[in-house]
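Here come two complexes built around subunit A, the first alongside subunit B, the second alongside subunit C.
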Partner chain A sequence: MDTESHEKLQEKKKKQKKKMTKQKKPKRSPEENEPQEAVKEPENLDKDSQPVFPPTFSVSEIKNKQRRHIMFMKFKQEKRKAKMALKKKIKKQREALGDKAPPKPVPKTIENQRIYDETTVDPEDEEVAFDEGTDEFSAYFNRLTSPKVLITTSDRPRGRTVRFCEQLATIIPNAHVYYRRGLALKKIIPQCIARDFSYLMVINEDRKVPNGLVLCHLPDGPTAHFKVSGVRLRKELKRRGKDPTDHSPEVILNNFTTRLGHSLGRMFAALFPHDPQFVGRQVATFHNQRDFIFFRFHRYIFRNEKKVGIQELGPRFTLKLRSLQKGTFDSKFGEYEWVHKRHEMDSSRRKFHL
Partner chain B sequence: MQHDDVIWDVIGNKQFCSYKVKTKNKNFCRNEYNITGLCNRSSCPLANSQYATVREQKGQCFLYMKVIERAAFPARMWERVKLSKNYEKALEQIDENLIYWPRFIRHKCKQRFTKITQYLIRIRKLTLKRQRKLVPLSRKVERREKRREEKALIAAQLDNAIEKELLERLKQGMYGDIYNFPVHAFDKALEKQEEEESETDSSEDEEDDADVGKKEFIAEDEVEESDLSDFEDMNNLKCSDEEELSEEDESEDEEELEMEASSSSKGKTPLKGPARRKRAHVEIEYEQETECQTKVKAT
Partner chain C sequence: MADKSRVCSVWVGSETGILKGVSLAKKQAFNFCEMNCLSRDQEVCVLCWGDAQETEVLVGCSNGEVKTFSTEKGLFTETRQCGQSDEGKFTGLAVADSALVTSVESGLVKVWKEGVTKPVEINAGRSVCRMRQNASQRHHVATGGKENGLKVWDLERPDVPVFTAKNVRNDWLDLRVPEWVRDLAFIPDSEKIVTCTGHHQVRVYDPASPQRRPVLEAQFGEHPLTALALPAGSPCVVVGNTQGQLAMIDLRKGLVRGCLKGLAGGVRELQCHPSLPLVASCGLDRFLRIHSLDDRSLQHKVYLKSRLNCVLLSSRDLEACPEAVTAEAEVAAAEEEGEDEEDAVWDTMETVTEKTRKCRKADRGDEGAEEKSTKKRKVKK
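And then the complex of A and B:
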């Protein structure tokens, strides 16, 4: 059917016959040919019924927009038909084979297709284990220090940011919120170290909404700068539970696979006290998915050994790492371990760094 | 010839001066050499052939002077003197350069110089403080990031992941003896043992199957002594029976309770205190047959 109409068009291009008839024919062709097709199908099945477009022809070469559109629609229709036919065939084959049918192919997901990152951490890697034994968090993980967090904001915080800070302080045990009176971070940091703080958390605000987070591990630890999005305060959460208690929560870190992710995971883990109080049944989750870190705070209850119910308390937010700097906060002269470079790193949809 | 009065007559009052900015109360002069900034007879640099100003360039202050002798040479009209950075010395310099000049111009020059030094000091102080750096956002990039975040959130399936992780931790025994669910782990171990045994002896399975479906009335003591693994099996046995027994009612009620518990775990009802397993919490329904009997009797 398509070869017929196509031939008609080609004839029009080469020779110049009566325009009226030639113009009408392609327009009528989808309508005409469909009833004809039903009639002609048995005939065409004997011949090669595949609508093949000769390789030199492409729909875009037709100058007339209406005709081009029609031809394109037909082209698409043929493609769809072929696809459906293929699907039906496969389904029939599966049913016919029954149990012996080959297993269904696994669908491709972004996680499946992720480009393999060479810095992925092997659980038994000795080098990584050695590094982690001697890095800045080793003091925490060897139970030498307990976390003490100072939460502050950028200058002149608005209500939302202030409330967010307060809620964070209730979630993180041993956290203190201080008002930033226009002090420079470089001056705050030595004071914090003197008072035995282990973390400095600065929530940056833009247009009355928190949008950035600087997390600085104190004695001389790495400084991570995140972009914060999707902040939901406690009263904006639906179906939430009562306020969190003072018990230390457990920490869940999901999907931190690469070296960078690993060090970030340790950074988050060191925010919370070492021994969670299981009586409190609270859990803080940092879940990494495609370089976005989702933070949730839940209360859980085990209904039986196969079922657990969770109820969201506390604020939720998502983080995206922008840079990881080696020492304490020093944006000009600091040594950056990792910086997000948009043009290099955002170009591939299957490449993730955490 | 320089006729200041004529010039002022023209531009000041009657006709147009391109430097003049008229507002409701005042007239301003936009000329860069103007000393006060207002459009006045004494402040207009065009209408005064002897004039002086103080101007600042890149932190340096200069005294500009114009005299009538150079009025014909516009390129050389303004004479520039660099003022010292020391405030008092600079004032003296102004005084000595503008000696014998009208009082008005001297006074205004010094005033202007004072103002300039004050704002220069403020600039220097501000640069020492923290400066807010504005980072431009690319709208396209922001939109892209937002969409990727949404997709990542959907792909993450957070609730499932968290629940899975918690159950794993429970299995690994991180919670110790807080929760009384060791049954499951115990069951699994025993089941595994049983499977290994059953592989070797297949005939015994058939015999066991024959016993399924038969009613067994067991005393309480025997139930406790039997293997814990039978617990689940007994439940299954009871559920499969379709005959009317009081035991059957009990098992049905247990099932209903379990169903309720499982359905309510999905909805977020407020939790009540520490975890308590509902064991042997059975509601037994009693049928009242007296009414039926009376009906039967009546008919």
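And then the complex of A and C:
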């Protein structure tokens, strides 16, 4: 151990005299180590070009921070070199083979590696089809009711939230914004049902910024509670188009594959009228990726058969589902269909529930 | 259908009206219904065994029908109309001396005897959330509901309850404590009854003691407790709430012994196995889960596409290979049919040492397997 530390001390001194950035030093030191070791330490049996350490040695055992740092940097450099050499080799092989080269391996992403969810809906499943055909949204999907949305906030909302509500009301047809006035939701709900509203949307505000959304389907439908983030109002969007018109937008629902995702997708679809007015060329997109739902509102125009131009209008926001409760809003006594439990459900980075 | 139903050891009723049988040994779930005539008003509200041998399952539907399902045949054999849909859904179903006892949400408990059209009615209060039968004294039933305390009724004397529980004392603000019994169970080998309430309390009542107030009260969580089950052998109770939290509470002191993890949605019903330390839970997240009570680990999880309302466990060993039953049947048939042929084949075959059933299943073909099993049986005899 003494001889080794002595060698390192010598190395260190040399490096501190000349600058660290020169690459030749790491090469020189192992070569210099060798003759010294041969002279001073006849006990060491390994005679590689590498500095000799006992087999269980690791960089973290060196107590001196500077020396440890130097050794670690060396280790990383060697690793990087090996990696570059491997890459070059593969590239050369690929060029040599030309057309016969095997296809490039697909990089692994979290979406690729997603753990298969057993609740993924099979399109031909009769039972799920029956379940969806007779659930709370069946009235909307059978064209018996048309949507009417009440948008409100938590009590005493401030600037951004108020403007957010107004902009939402312009995007969602047949939406009305009402001031909350400190009323209890459980008392508002029977009044909404009496006035034929189909949705109650409550935007929760915290420190002048909207951060939550409670979406309650009205006659007896499920209540979804979301966390809202990334709210951008119209004037904060770059290169946006003119204000949206009153035409009903088309709705795009992306990537809602599981049973829970299906229920949510239907919930979002039932916010908008059945028949979109294609004249308006407006589209609302709910894109689900990794359990986050991204909402965007665009106007599109087909320039020719292959090219489309889009302009973003309207606010954009991101939602994350916190809980889905069966029945209208009753957080204390209601039964929950799905509750997000962070420690149980977020333990794997590759498992998603929507 | 018949062989599928014989294999099932767990029966689950769903909101879509489908009775599902789950076989844990084969890891499969089967639907027992006609897919054409499904409707939401046939939603399964309660399940109960029709007889002590567990060959019949009584299914209570939300439109007031009680259907009998035979596990031997795999078919619905009988349907009885035991109530109207305006009285509310079924909240309890029991069989007492060949009479059917049903209770509905509006508070009526009806005893339907064989051959008699009009049932004996007991008015158990304004609302009844659950009705259960005492396993040892089959003519005692207990009911409880929202603002309707625990009452124990004797079916032979339907006028007056045997035991009426009193509400606890007013709280520290001198306000009446609301009561809402969501589920209850009779503790075996005693007269005690344990209830769980919508105000996250677990209470134990003892009719044998002079006090009508609860003997023990424990609290768990902040959400209504919806289901309750008593495991065999230990002085515990397993409760579940609307957020999918399951806990084991010790009834000696009222302390939480541990939580069972995994559920994502509200628990609708819990059932413990009569002899093994297992508890089955079903709920709104469309999964049937079976946890072991010793180490609180999840043993089985089955996805059953609809929201589940009730679960029923059979008393036999849940993971028992049903091949025992089928192999014996096959063996009997084979023996009867062609013994001479088999003799000749056995003489030509090499002698085989005792092997376990699993090896037999993995490697050999069916015929070879049968013959080997017959050979084993012959040797033993």
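As a convention for this text, the second predicted complex is superposed on the first by the 300 of 354 C-alpha atoms of A that agree within 3 Å, B and C clash if a C-alpha of one lies under 4 Å from a C-alpha of the other, contacts with A are read in each partner's own complex, and residues count from 1 in each chain.
Just so it is clear, a residue touches a chain if its C-beta (ideal position, glycine included) is under 8 Å from a C-beta of that chain, and two chains touch if they have at least 3 such contacts.
Treat the numbers as computed from the prediction; the structure is a model and nothing was measured.
Because the two structures share subunit A, they can be overlaid on it, and in that overlay subunit B and subunit C fit beside each other without clashing. Of the two partner chains placed around the shared chain by superposition, subunit B is the only one that A:K306 touches, whereas subunit C remains out of contact. Using the contact criterion defined above for the overlaid structures, shared-chain residue A:T109 touches subunit B, although it does not reach subunit C. Once chain A of one complex is fitted onto chain A of the other, the partner contacts of A:N254 are limited to subunit B, with no touch recorded for subunit C.
Of the two partner chains placed by the overlay, only subunit B lies in contact with A:A184; subunit C stays clear of it. Here subunit B and subunit C are compared by how many residues of subunit A each touches, and B touches more. When the two complexes are overlaid on their common chain A, residue A:G327 makes contact with neither subunit B nor subunit C. Shared-chain residue A:R296: touches subunit B; no touch with subunit C. In the superposition on chain A, contact is made by A:V283 with subunit B only, not with subunit C. Note on the superposed arrangement: subunit B and subunit C approach each other to a least C-alpha distance of 6 Å. In the superposition on chain A, no residue of subunit A contacts both subunit B and subunit C.
Within the complex formed with subunit C, the residues of subunit A that make contact are 118-119, 125-128, 130-131, 134, 259, 326, 332-339, 341, 344-345, 353. Taken together, the subunit C residues at the contact with subunit A in this complex read 15-16, 18, 31, 35, 38-40, 198, 223-224, 226, 242-244, 261-262, 264-266, 284-286, 303, 305-307. By the touch rule above, subunit B contacts subunit A in their complex via residues 129-130, 132, 141, 144-146, 148-149, 151-153, 155-156, 158-159, 161-163, 165-167, 169-171, 175-176, 178-179, 181, 183-185, 261-262, 265-266, 268, 270-271, 274-275, 277.
For subunit A in complex with subunit B, the residues that touch the partner chain are 109-111, 155, 182, 184, 229-230, 239, 241-242, 250, 252, 254, 278-279, 281, 283, 285, 287, 289-292, 294, 296, 298-311, 318, 320, 342, 346.
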